[in-house]
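Both complexes below contain chain A, partnered by chain B and then by chain C.
For the complex of A and B:
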């Protein structure tokens, strides 16, 4: 365990070396926040409440969504792809560590660095230019944090499963992009799925994606009653178990298939 | 120490036809081609041995080393290190081995060398006093401490390889695998690397297995060589014995005062340019002294020298035999 903690620490040091990298994401998130703020303001002009959510809560929603995108950072798929293409998977394999434990520790390290480099600036920008994203009920904070942790794990497992494709497909650059944008759309991070047609929304509720963004943010803005939230968290937890089982099965098969390119 | 039994590995390569047409065809109907990278390899290596793996490019040397160090899983056969199967107990067995790839680094590009070492210290759970002792010891051979604060990305190849060597030895492994460690190094770095291998072998009884194309490495380091080609073992044995067997001859170079060179019994004139002639003879048939004695009876000799059959001749002969 200590060794993985040390990998987290090393990764924080590494992430802080390339400070400049992070400004792009702050800019992008600012643009997304500001444009969606105008979008929602225009939409709420004729109606004060949609699906039990008012304009102010919706503005909080988009700020928290942008802030959460920092926690949903994953590099594992690219990390696997690069280590397969460049053959560095060899140097990871010869150490007495679990390969995916290392990848998870690295991503956690990056996220800790990003919370300071990215999340705090995003919250500040959102707070100054849109509104202060206050939580609906502060007593929901433990539930919110718990839900974010599961979201993070679900998101990470999906990314890791995705990355494993590169052990067979080698180059998955385009797929990574598709996955990234599809996930943003299907997870309700930009438009909550309660705005979608009922059939589409129902399909999405059965998939794991809405439990990455929409569920924790809903808890944050206090949408729905406690019973409804708990019911959704059960599905979230179920997905975590399903994805973990898939991951575990795939991980065993994949290390046998390691193919080292070059030399 | 190391037992390799019936080791085999096949690669499936996607077979693509050239050109756009081939690329399109490959999308719908990919053809596969099986390459037997390693075929039924068996050998044993004892503690403290230095063994050189040689063979042409693509012979299966690196694949073998990767299977021996637990990076690749063999299709058939097994590798036992200290009696433990590496594919079954990877995490425990890798504590006993160190690996250096000349063509890629295990150091972290974004970190200082010292930070990379600290990370390894934690990964292998090395105790602080042990770590300090090992680092001092390795510093005495390679002079690594002056590099500890340098980011790896700013290092020269020679410095990086030194860093990699130290990194691979920090956890005091019993076996060290070196895959083309001297590739691209200058003379002094090569010298330092060879000195390092000899010293850790003498000091710690570390078993060293290296692949190389540098014949100097083999001549200086290895008593035993294993020659591999097309994934099969060609030769395995003592270096000088193999030299004697594959190339049991020497060449005598004689310089005369004029351009005429006489033919002599029991040896063959292989080259004759200007005043210089080369006589190739079998070591078991005659000696250089005998040939010189014969020659000096018929002509006046200005100068003589003997060309030993080098390891490069062996390799050339061995590779063409295959």
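For the complex of A and C:
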């Protein structure tokens, strides 16, 4: 465990090296957040409530969505791809640590750095320029944090599974893009799926993506009652288990494949 | 004069060869081809579906109806695709700077910027073009547009201008790497901002933001102004060549600025390991 904590620490220090990246990212995300805010304001100009959500909740939604995108940072897919392309994967696997544990520790380190570099500034900027993203019911906070943790794991496992595709496809730049677009549009990170037609929304509810962004934010803005949220969290948890199973199966196959090829 | 023509001929010759080479290198990874074939159209089909859903849930968007939005979206995606083919490398300029990859270009007797973009020409951008054209044609039908020579000319001039604006912005952002010495991939953010500002009418934003998008960062000219002129929206009934030509002019201006900034940056470039 100490080994992984050390990796987390190293990654935090690494992330603090480039100052310009931090300001650039904050600036870009601020622009995106403020344009989204005006986008929703323009849409709500003639209506007060659409699909059971009013303008103020929607503004909170986008601020929290921007802040959450920090937690959904993953680099694991690129790391796997690079280690396969450069052929270092065989020697990496010989090290006395679990390779995927290292990648997870690195991503956690990056996220811890990003929380200070990115999430807190974004929440402050959003609070000043758009509105203070107050939680609908503060008693939901434990539920919210718990569902964010599961969201993070689901997101990370999906990224890792896509990364493992590079063992068969080698170059997975395009597949990473596919994943990114699927996530961006189907997770409700830009537009929540409750604005979608019923059939589409029902299909999306069966997929894991909405449980990454939309579910935690719904809890935050208090959309739906407690029972509904708990029911959704059950599906979220189910997806976590399914993805873990897939992950371990894939990891097993890959390790065997590398060992066979490595001699 | 003859020398200039000879040089132009040389550049064209080289361009043909690098396109051939680019086509060959993309065949290297078959799974990658399949990936791009799915990923790019998927992105825009979903983007378009979202516009449809939003219009269905909210009615009009900033006074634009569904057909007009489709027209705007289609035109915007086409110019995006063209800028992807020619200028996407601007997103990755930082990596070239910190890894010292400009060394190779500096030793060759061709323009550095030319080599940077054309030796890495991105033929996959074509996969963006197809959904763009489909949505655009759909938008044309929905707006019941009469295809006249003037209309075609307007579209072509607008597209050239829009592609230059987008490309210029990528170069400007990429060139910051020369000064910061860091490789930041602003691609995704740029894309997201561009999506929000070119695929929806910017008239839905407040005046201050409109001012910025018109004069400071001229993204408004990529699609919003020419399209509102062509479709006669926003009290702008003038249906001539004026606004497409302004787009072209803005595009050339942005490109010149970007080229200048790039050259300035290149003077600061000192390869890797120094």
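Methods note: the second predicted complex is superposed on the first by the 254 of 263 C-alpha atoms of A that agree within 3 Å, B and C clash if a C-alpha of one lies under 4 Å from a C-alpha of the other, contacts with A are read in each partner's own complex, and residues count from 1 in each chain.
FYI, contacts are C-beta pairs under 8 Å (C-beta built on N, C-alpha and C of every residue); 3 or more make two chains touch, one makes a residue touch a chain.
Remember, it's a predicted structure, so these values are computed and weren't measured experimentally.
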item	value
Chain B versus chain C as contact partner of A:242, first or second or both or neither	neither
Touching partner for A:185 - first (chain B), second (chain C), both, neither	second
Partner chain(s) touched by A:132 [first = chain B, second = chain C, both, neither]	neither
First (chain B), second (chain C), both or neither touched by A:207	neither
Touching partner for A:141 - first (chain B), second (chain C), both, neither	neither
Which partner reaches more residues of chain A (counting touched residues only), chain B or chain C	C
Chain B versus chain C as contact partner of A:49, first or second or both or neither	neither
Contacts of A:124 with chain B and chain C, given as first, second, both or neither	neither
Touching partner for A:6 - first (chain B), second (chain C), both, neither	first
Chain B and chain C footprints on chain A, overlapping residues	18
Residue numbers on chain C that touch chain A, as the complex places them	28-29, 31-36, 38-40, 42-43, 46-47, 49-50, 53-54, 56-59, 61-62, 124, 176, 180, 182, 184, 186, 188-190, 192-193, 196-197, 200, 204-206, 209
Parts of chain A lying in touch with chain B, wherever the complex brings them together	2-3, 6-7, 10, 13-14, 17-18, 86-91, 93-98, 255-256, 258-260, 262-263
Parts of chain B lying in touch with chain A, wherever the complex brings them together	11, 62, 66, 69-73, 90-92, 94-95, 97, 99, 101, 103-106, 108, 110-111, 115, 118-120, 122-125, 179-180
Residue numbers on chain A that touch chain C, as the complex places them	18, 20-21, 24-25, 28-29, 31-32, 34-36, 38-39, 42-44, 46-47, 50-51, 165, 168-175, 177-178, 180-182, 185-186, 190-191, 195-197, 200
